[in-house]
Amino acid sequence: MNFFLEPLTLLTFFPLLGVLALLFLKPEWRSAHRWTALVTSLITFGLSLWVLDQFNAASGDLQLISRRPWISVAGWDIQYYLAVDGLSILLVLLTTFLMPLSILSTWTAVEERVKDFMIFFLLLEVGMTGVFLAQDLFLFYIFWEFTLIPMYFLIGIWGGARRIYAAVKFFLYTMAGSVLMLLAILWLGVYQGTFSLPGLIDRGGIPGDIQMWLFLAFAAAFAIKVPMWPLHSWLPDAHVEAPTSGSVILAGVLLKMGAYGFLRFNLPLFPEASVRAAPWVAALAVVGILYGAIVSFAQKDVKKLVAYSSVSHLGFVMLGLFALNPQGIQGGILQMVNHGISTGALFLLVGMIYERRHTRDLEAFGGLWKVMPLYGTLTLIVALSSMGLPGLNGFVGEFTILLGAFGSQAIGSYWFAGLAAVGVILAAVYMLTMFQKMFLGPVDKDENKKLLDLNWREILILVPLLVFIFWIGLYPKPFFDLMAPAVEKLLVGF
Amino acid sequence: MLFDYMAIAVFVFFSTAIAVTAILLGGLFGPRRKSEVKSEPYESGMIPIGPGTRRMPVRFYLVAVLFILFDIEVVFFLPWAVSFRKLGLFGLIEMFIFIGILLVGYFYAWKKGALEWE
Amino acid sequence: MTTPVKLLDFITILPVIFLAAWACLLLLVDLWVKHKRVTAYLAALGLAIGLGLLWYQAAWIGNAGFNHMVVLDGFSVFVNALLLLSGLLGIALAYGYLRRMGIERGEFYPLVLFSLSGMMLMAQAADLIVVFLSLEFLSIPLYVLTAFAYPKAASEEAGLKYFLLGAFAGGFVVYGIALVYGAAATTALDGIIAAVAEGRANLSLLVSGAALILVGLGFKVAIVPFHMWTPDAYQGAPSAVTAFMSSAAKLAGFAALVRIFALAFSSLSDDLIPILWGLSALTMLVGNLLAIPQTNIKRMLAYSSIAHAGYILMAFTAFGNPGVAEVSIAAVLFYLAAYTVTNYGAWGVVILLERAGDLGLEIGGYAGLGRKYPALAACMTIFMLSLIGLPPTLGLVGKFYLFRAVIAADLIPLAVIGVLTSLISAWYYLRVVVNMYMRTGDPEISPEPWALTITGLMAILTVLVSLLPGWLFFLASQARLNLF
């Protein structure tokens, strides 16, 4: 029993209790399903706060370790090994924080097969939390691949018109990368003798050219998930077809898993290869930033616009991580959180208007500011945060990343940071264009005249996100404090 | 090593050659006289009636299969009988088991009606 | 040097003898039994007693019997236990299915038992003659079982096809054995080892013999390019037979392959590894690629079973590397166990959905299963995920083990082919899932208690054992090959 009461184990697997409860509820009791899921995710969030409370921010080590030998026969050394440190604590919190909000957003959006929806949603939470906490490569792989399955169902069952295509594409793309990672994991396990990440880092000593191959194999999985240009083509399809809550989780958490993977595995396991690859990754990241921004600008579909903006924003994250200096990595981590909050909020906002109008075409809107002033205000704030206005969260992350990239030895050129800065301007262009097309000008469509402004539930969803947008924007120190020691420890190897 | 097999090769060659030569010579030099009797299917027998490929009741096949089955197995008795003294009691028991297995098949076939004509 | 027969000789193959005798008796008893379900229960009872005897027999591990014609080692006990369990599962699936399809004939059960005793003998065979004997012993009942749905033309055709190609394959095995005998002047596995060690054997002849045996056994386990019979036989045979055939025959075939090659021909590995490499790569590619266009679930699973033979062969490719051989064999055994569990589950679902007259076998017919029968659809999803090799299922753990052996043997390109083909496989396995959950339809199942139980049980096992696989890892790694 003790095992299940260890904080991280409890946190990871608590949503399974909700799943269990849901299994016993009749399919017709839809609001019971919603409430069960909501309460489960809220308790999980509470548990993550409890974990935060026990977390010692001054230390850069792995903490709150839950560790058991799992498969240790016949030359295997696989452990059940969960732990948290400064690199992952914020992402875990982000996950548990976005879950209840996403569930709230489905309250009226998902009417069909609510029970199944909630089961998949809670299973997804287990997988995501596990990915951020696992410190054993086998365990990590299991969680990593497991997240695919519920997300596949979420897109495939509750998605838009081309949902099956999008779901299968999402599945095959992500799996293509993961299977290569599986081989790299096995190589490490066979030739380094253990699957535990700290054990592997301590051991080190992988020859340079093999490091490069392993780096590439891991990068294949993570780069597709991030997604880095040119491996991003699954993302717009998945985002556009996914239900709103799915998009929120996809953008808010699933993409972070890719960037987190680079941070957690590629950098410490393959330091030499990381240094060698840094300029190339940075180049791809910058291409992604610019490409994402330009393509966003051309979109007619609001959701697609936000999806491509993710490609651009995640480019920043990757640029920061591969600056391989404290500013870059801290900025990268913070930007992951920022992107989760801002883009999550954007998807929620798009979902709210979609529920009212059943279209996402930019041309179908116009002058909404007059009809829905509250909705307009909130969208403006989120859009400004997403494009990096000083005083809001986006600015802090992007600025730190640019700072890191300018001073980075690993990247080795100012050009990357310079071009990335252009991306910030482009972000302002497409975000403001979107805002203008939706909210300004005359209300020239009849359907738009009778739209209702946000209701209480919707406000309740958005307010927590806005709180963080301002908090991180105005006073980011507590967030940086959480990760600083761990980042420092990570960079010792370089 | 292959040279060891030379004798066989020589043997095969000559045996084939003699047969082929005999047929060829007969075909080349033999006289051909056609007559009514010679063109009959059976030169020495009765004149066949009806088509050559007649339909046979499928029961014949069943009987044939059963016959082969039990007949071939009886063949096993012979080597056993020859070395009966050497095999001793163990051999006797083994043969009883063998017959027992045969009997299972026999009873099965009997009960299933494979031995009935209709 | 021959020694007289002792009691111990009989103990080494006790379950085989018992099962064969039980099958004979059952054949007779069935003649007077009116309700064929009695025969089914008696057959199951026989298998259960067989398991008990296996347990009893395990105390004698480390003995060879009948002048080293058969051995009793950890490997054979592991395989035989799996075979017996697989027989039980096969009977459970067939129980309601045969009656529903109107082919409830009592011979089914003795035939299954006969075939199983052949398979078990195969796992213990330590002499090529016994290998051939048991190969025929297991195959002939399977040919009959394949044609069991007579007078259905498809089933008869499948049986005939399987018989002709199987006999053909048997010819290869015999020819291979003859060549091996020519090379080593013996058919005993330990004799071959000794002949090679003392330099008496003609190696080029031995390699040709080994290659021919590989071809013959390759037919049995459906390795490309010897797979042509598989889709037709699997599709034409009654589903319950296919379930049994695809699990148990594969088990036995691989057991013989592993024993012969890892023991007798391990010194030939330099010559054989390129062949095995090519065959396994080809099998994985062809099996998975040809599965994609299939619309019939039985045919799709047939190609999937070909592909899985490729994965197993992939791990086995490293058999000659002494540092890896043990891992490689354990991986093969573990995967066979995992595949058996998953495969029976998947066929259970197929059987539940099949209706007389070959209806309900189109993958499109699975549309809407997720809504109408959520539990069954969840089970099928688990099986499909397991066949792809995704967590949390046995398929992933099994593949993990397989790929470990391949990587440890430093055959990285083969491993890459392996993972990329499993990516391809995701495409067609997911189609079943897409149909069940994302399209609408109104499928009908026949609620047979046994088939339902087995399907559910297999789904639970697939997930549970994947989370706690330690004990099965342990057993597989302890299942050592030996000749004594």
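The first chain written gets the first letter, and so on, giving A, B and C; residue counts start at 1 in each chain.
Here is the rule we use: contacts are C-beta pairs under 8 Å (C-beta built on N, C-alpha and C of every residue); 3 or more make two chains touch, one makes a residue touch a chain.
Model, not experiment: these values are computed from the prediction.
> Return the chain pair with more inter-chain C-beta contacts, choosing between B-C and A-C.
If we tally the contacting C-beta pairs, A-C comes out ahead.
> Which chain is in the middle, if each chain's centre is the mean of its C-alpha atoms?
Nearest to the common C-alpha centre lies chain C.
> Taking each chain's centre as its mean C-alpha position, how far apart are chain A and chain B in Å?
78
> At what distance in angstrom does the C-alpha mean of chain C lie from that of chain B?
37
> Could you tell me the distance, in whole angstrom, between the mean C-alpha positions of chain A and chain C?
The mean C-alpha positions of chain A and chain C differ by 43 Å.
> Can you check the complex and tell me which residues of chain C touch chain A?
These residues of chain C touch chain A: 327, 330, 370-371, 374, 385, 390-392, 396, 400, 403-404, 407-408, 412, 415-416, 419-420, 422-423, 426-427, 430, 434, 437-439, 469-470, 473-474, 476-477.
> Of all residues in chain A, which touch chain C in the complex?
Checking each residue of chain A against chain C gives 70-76, 113, 116, 138, 141-143, 145-146, 148-149, 152-153, 156-157, 163-164, 167-168, 171-172, 175-176, 179-180, 182-183, 186-187, 189-190.
> Please give the residue numbers of chain B that touch chain C in the complex, ascending.
90, 100-101, 104, 107-108, 111-112
> Using the touch definition from the top, list the residues of chain C that touch chain B in their complex.
The touching residues are 4-5, 24-25, 27-28, 31.
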